[in-house]
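Consider the two complexes below, in which subunit A is the common component and subunit B and subunit C are the respective partners.
Entry: the complex of A and B
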C-alpha cells in the first residue's frame, strides 16, 4: 500500500512536471508581430498564425519551435515581402517546424535554415520569393513535403549541404530549377510533381563549398514533365547556365538512383548525366571530385523528350544521325563510363550510354526512408563538470588569471576574499556591482542558471594555477 | 629507434656539458629567472597531460560532416593545439623579439600588432627596409583553426607559413642560418629552449617554428557579444545588431554563405573582384600559385572575427572602413574588374541592392564580433636583450 502511494506520488509529480513543460500555443492575429511571438516562445511552443497579411521577416534561433499557419474557410496567413524584404523565415534552431503559410514576394528565400537539425517544412505555398523557395543548409534529418512553389529564379526547393533528407509530395513549377539536391548525402526525392521549370530535378556537386560530396540520392516516382521554361536565372548564378528543357540533371554527384519516374515532354533531354565541365566560367576547386560515379537508372517511363533540343545537344545528336534529343544523355567524359548502369536501355533514345552496364538491382523498395528514426541526436551532452570547465576557461579566464592582474583581479585574490563562499561568487556574478575602483566593472552573467553559476564559483575557488 | 635514442642521449650529455662549462652560470640563472617560461596554459586553455587544450562552449555543438561551418550553435573546425605551456610562452617571447629579423628591426608583432587586432593598420605591410609587401597583413586571431594560410592559401600549416615573412626580402629579410646563429648566441634563449623542449638547449629551426605556431594557435577570440547570442543569451545583441545579423545571413546579402559561423570563414577560395588601390595591376591571387586561370583574382575568404579592429580591408587594403568594404558587395557583379580582365567571379557576387541602412546594420553586426578577452601579455623585455618591437616603428 505504501508502495502504491509512492508510485502515485511519483506519477502525480511526473504529470505536474509535464504540465509545466507543456507546449504553449501562442496565437498571432493580423496586425500583430510573428517575431514578437517567437521572442516570447519557449522551446516546445507553437506559434499559431491566424489568417491575414504579415509584412515582416521572422527569425528563429531557439530549439523546438513550430510556426503553424491557421487556415480558416480557405483564408491563409500570408507573409508578404513586397519585393523589398530579404527572407521570410530564417531558422537556426533544432527541431524546427514551419507549416501552413503562404509566402510571397521576398528578395532572398521564403524559408532558409542554417544548421538546424530535424526540420520539418510542409504545407506551405511559396510564390516568387526571389532566389530560393525552401533552402535548408547545414542541417541533418529534414522532411520537406506537401509544399507548392512557383516563380523562383533559382531552385524552388534547394537542399544544400545537408544529410538525411526526404523531399516528397511537393509541386514545383514555373521556376528555373524545380528541386535541387546539392553537396548532400542520403536524400530521397519522391512523389513530387516538377513541371514547367527550366529543369525539373537536379542533383549536383557544386565546387567551392566547404562540404564537398553528394552521394546516395534516390529520385523515385516523380512526375518530371514539360520543363521547358526559358531560363530566367540571375546572371552569374550556376543554374543560369542550365539549358532549358531538361527533366533531370545529375552533375558530378555519385550513387544517384533514378527509378519509377514519369519523365516526358522535356524538350532538350529527359535525363542529363555530366561532370563539372557542364558549368563553365566557375573557379575550379581541386577538392571537388568532378565525375559522376555509379549512377543507376532503373525502370522509368520516358517519352516525348528531346523534341527541340538546345544547340549543343542537337549537334551531339547529329553525330548519331538523329535530329531529336535523347531521353537520356551522358555527357562526354566520365559520365559515359561503365561504372554507371541502366535497366532496359533499349527502350529509350540515348546518347553516350554505349559503355554503361546493366544494373544489378531492379528496385529501391527496400529503402523506405533516409530520415533518422530517433532524429539527429544532439552532441553527447557533456556532464556538468565539462560544462563548468568550459565556462570557466572559455569565459571567466578571459579576465581572471591565477596570480596575475588581467582585466579583472587575479583568481588568488578572489579566492582569498570568498574563502569557501561559492554562493557569494555565484550571486555576485549574476548582478555584479563595481567593487574595485582600479578595475572595470564586470559584465553580468545572469543569463547562466543559478546552478551553473554555483558550479563555476566552486570551480574558481579550487583553481590551483 | 635505437639510433634516435642514442642521439637524444648524446644531446642530453652535450647539454649537461654545456651547462658545466658555462663561464657565468649566475648570469644564465639570472636570465633564466627573468624569462622563466609559464608552466600554465594561456587563458581559455586547460592543461591535459603535457599539452594545453581549448575549453570552449562551442565544444557542446556538432557540425555537419565535422566541417566546422554552419549556424549559431555549430562546432568549430579542428584547432592546432596540445602544445605545452612552455612552448606557447616561448613562442610569445619570440613573437615580439626583433632578433627574428635580418637587421633586428622587426618582430612578428611589427605587422601583427596585438593593439591592432594582430594586424598593422596598413593597406600593405612594410618590410624591414621600408619595402612594401605585396598584400595586407591578416589578423592572427583564431589562426590556429585555419587549414590554409596566406591570402593566396599557399601554405597549409603555420610552420610552413612563417617561412614566408621570416625569410622574404620584402618582410623580415632574415636567413635560417642567421636566425639560428643569433638565437644560439643568447644564453637566455638556450635556457628557455631547454625549458620548452625537454632539456634540449641546442636550438633547432623546427623548435623555433613549433614555439611560434604554439603561440599563434593560442590567440583565441570566441567570446564576443555575438557568441553570447549564439549560446542562447539573446539580450547580448541590441536591435540594430540583430537586424544586421539577419541581413548578414540573409540570402540577399549572403555574407554568411562564405563568412560562415562559427569562425566567420568557410576557408574556401573565392574570386570576388575587389579593386586594387592606386591603379596597381590586378593581383592574380591563387592563380599565381596554382597556374589555374579560373582562380585568377581568387583569395582565401578571411574570418570576420575582430574585423572592426583590422582596417583597412581586402587583400590590398583597398577599403578604409567596414562600411566601404560592405558596400563593395552591392556595387554590382564585376563592377570593379579592370577592363579586359575576365574573372570567374563567385556566384554569390550578385546585385543584392542593399540599402544604406542595411549597410549600416551590417557594420553594426560586424562590430559585435569583437573580442580581445584572451589578449596575451606583451613582454616588457625579450631574451635577446633587444627591445621588444610592437607595431610599425
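Entry: the complex of A and C
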C-alpha cells in the first residue's frame, strides 16, 4: 500500500511537472507586438522581448506570465510611450513577473498592477514616465527590486493598498516622491538609494480609499540623500503639496520603523512625522485614523539636514531659536506623544520629540522578510460582486479617492455628475476624453466588457467613504 | 462626512470674526425677503418688458438694469449679483431655467421668484439670446470681495473638491456646464451654496446641473470653510 502511494505521488508530480516542462518561451522581436505574444501565451509561459523599440501598451490579464527583456551587448528592449500612451504595462493576473525592460515617455504608469497577487518587478529602467513608475495596486505579496526610476511627477515606486511587500535595491531620483508606501501593511523598504527627489521615502495614509490603514513598515539601510528637487507634481494633487527637501515622510501611518539609513543633505528635514494636516485639512474619512502612532526611530546616520527649510518648518524651528531645519521633525496630531520612540535622540537636531520614549528594541535584524513563503492565494472571484470589487479597488481607486483629489477627481464629484447615470460612466470610461484642463486624461478602460463597466460604475455611485 | 453647517465656536479665531459675522447678519437680514426697493424695481422690470416690443439686447437690458446696475455690475443692497463674470452660456441657461420654472419656484427662494417672474416676460428665445449677448459684450469685471476668511484653507478645500468641476482658477468648465466662480459676488455665491444645501435650489432632478451642485453642497464642513473657499475664489478673479 505504501509502495502504491509512493508511485502515485511520483506519477502526480510528473503530471504537475509536465506543465512547467511545456511552458513555452515566446520570443518577440522588434517590429512584432508584445501584446500579440501575451495573447498567445498560456499560464507559465515566458515572453522574451528582444532589443528594439516597442510602441504599445501591454495588458496582461492571465496568471503566471513573465515578461522578460533580453539585453544583448547593452542593447535593451525599450517600450516607448511617445508622450501619448498612458501605460506601458498593466497586469491583473497573479504570479506576474516583469524584468529587464526600459520604459520611457508614457503619460500614466510604467508598470501598474491591478489586484494581481505574487508579483515580481525587477531590473527595469523607467525614464520620464508620467504619474507613477512602478505601481502595484491592491496586490498581496510582491517584490520590487533592482529598478532605476527617474523623472516621475508623482511617486517613482508607489505601493498602494498592498500587503506583504519588499522594495529593495532600487535607485529613485529626480522624481517628486521617491518610494511611497500608501495604505499598505507589512512592507520592508531596504537598501534603496533615494536621491534628488522632492521627498525620498514616504509612508502615508491617503483617506477616502477602500483600504484605510498603513502599518508595520520597516525602512532600513537606505541612502536618503539630497532630496531637494522643486515639487513638479500636478498642481492641486496631494503630492504637489509635499514640501521639498525631506528625506523621509511618515504621515498618519502607524508602526513604522526607521533603522540604519543614511539620511543627509535634505534641506527641510531628515525625517518628518506628522498627521494629515501636513498636506491637507481634509481628513474626514471616519475610518482613516489620521495620527502617526508607535513610530520607532532606531539608529540612523543623519547629518546636514535642514540647511534651508521651507517657511513652515523654519517658523516652527524659530520657536526653539533655531534657523536650521531638524534631522527629525514631529509635528501635528499625535506625532509628539510618548508612544513613539527613538534611540540616541541626543545625536540629532530634533523638533517635537521631548516626550518620545526610548525604544526597547535596537534592531529589526530578526525580521528577514515580509514576503510570504508559500505566496498568497489568488483573490477569490466567485461572482460578479467579487469581480466588481476587485476592479474598483484594483483600478479605479488608484486615482479616485472619496472626497479628495488624487490623480482623478474625487468620487463625490463623480457621483454628483453622474447621479442615476451609471451608464454615463460606463460609456465614458470606455473612451474617455479630456474634460478638465488641470487633470491628466483618464486612461481608457475599453478592454473591460460593457457589462462589467456598468457594474463597476454602479459600484462607484454607491461608494460612501 | 459631516452634514449641515455646525458653527465652530471653539476657536479664538471665530471670536475675532464676530464683528464680521454681525455685519453679515445685518446684510443678510434682507434674505428673509426682498426689500420694498427690490420689489419695486422688479415689478418695473416686468412692466417694461411686458409693454415694450422685443427690442435689441440693449433695450431689453434696460429692464435688468434697475437691479443689476447700468453696467451689470450688480447691487448688493438689492441682493442682485453682478453678471459681468458669469459666462454667456451660464446666463442663458439660468434665464431659461427661470422661464421654465426649474429655478425660482421654491417658496423660500424669494429673489429667485422675482427673477422667474421677470424672465417669463422675455418674449422668446431670441430675446434671451439678445440680452445675454448684450451683457457679455460689457466684458468681464470682477465683483468686489466682501468676505473674510482663511484663503489657504479655502484653496485646500477648493482644489480637492470644487475645482474638479469649476476649474483650477474657478474659471468654470463649459464641458461640465459648471459656471465660473471667480469674480462673481461672494455674498451671492454664499447664498446660492446655502440654497443648494437647504434644498431651496437644485432639489429637483429636473434641474440636472442644480441637482449636481446640491449633491456637492454638503462637502464643505462649515460656514467658515465655505467663506474660506469664497475668499480663495475671489482672489483668483480677473
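We adopt the following convention: the second predicted complex is superposed on the first by the 355 of 465 C-alpha atoms of A that agree within 3 Å, B and C clash if a C-alpha of one lies under 4 Å from a C-alpha of the other, contacts with A are read in each partner's own complex, and residues count from 1 in each chain.
One rule holds in what follows: a residue touches a chain if its C-beta (ideal position, glycine included) is under 8 Å from a C-beta of that chain, and two chains touch if they have at least 3 such contacts.
Worth saying up front: this structure is predicted, and the values here are computed from it rather than measured.
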Which of the two partners, first being subunit B and second being subunit C, lies in contact with A:417: first, second, both, or neither?
second
Which partner does A:130 contact after superposing on A: first (subunit B), second (subunit C), both, neither?
first
Is A:465 in contact with subunit B, with subunit C, with both, or with neither (first, second, both, neither)?
both
Let me test your reading of the model: by the given contact rule, A:405 touches which partner, first (subunit B), second (subunit C), both or neither?
second
When the two structures are overlaid on chain A, which partner does A:282 contact: first (subunit B), second (subunit C), both, or neither?
both
Kindly classify A:236 by the partners it touches after superposition: subunit B alone (first), subunit C alone (second), both, or neither?
both
Partner, of subunit C and subunit B, that touches more residues belonging to subunit A
B
So, does A:303 touch the first partner subunit B, the second partner subunit C, both, or neither?
neither
I'd like to check the shared interface: which positions of subunit A are touched by both subunit B and subunit C across the two complexes?
235-236, 281-282, 284, 404, 465
Sort out for me which residues of subunit A touch subunit B in the complex.
39, 57, 59, 61-62, 86-87, 90, 92, 94, 107-109, 112-116, 130-132, 135, 138-140, 161-163, 208-211, 234-238, 281-286, 378-379, 381-382, 387, 389-395, 397-399, 401-402, 404, 406-407, 447, 465
Of all residues in subunit A, which touch subunit C in the complex?
235-236, 280-282, 284, 403-405, 409-410, 412-413, 415-417, 419-420, 435-439, 465
For the complex, give me every residue of subunit C touching subunit A.
1-2, 153, 156-157, 159-161, 163-165, 167-168, 173, 175-176, 205, 211-213, 215-216, 219, 221
Report the residues of subunit B in contact with subunit A in the complex, numbered from low to high.
39-40, 43-46, 54-57, 59-65, 67, 69-75, 222-223, 228-229, 232-236, 242, 246-247, 249-253, 256, 260-261, 266-271, 290, 292, 294-295, 298, 333, 344-347, 349-353, 373-374, 377
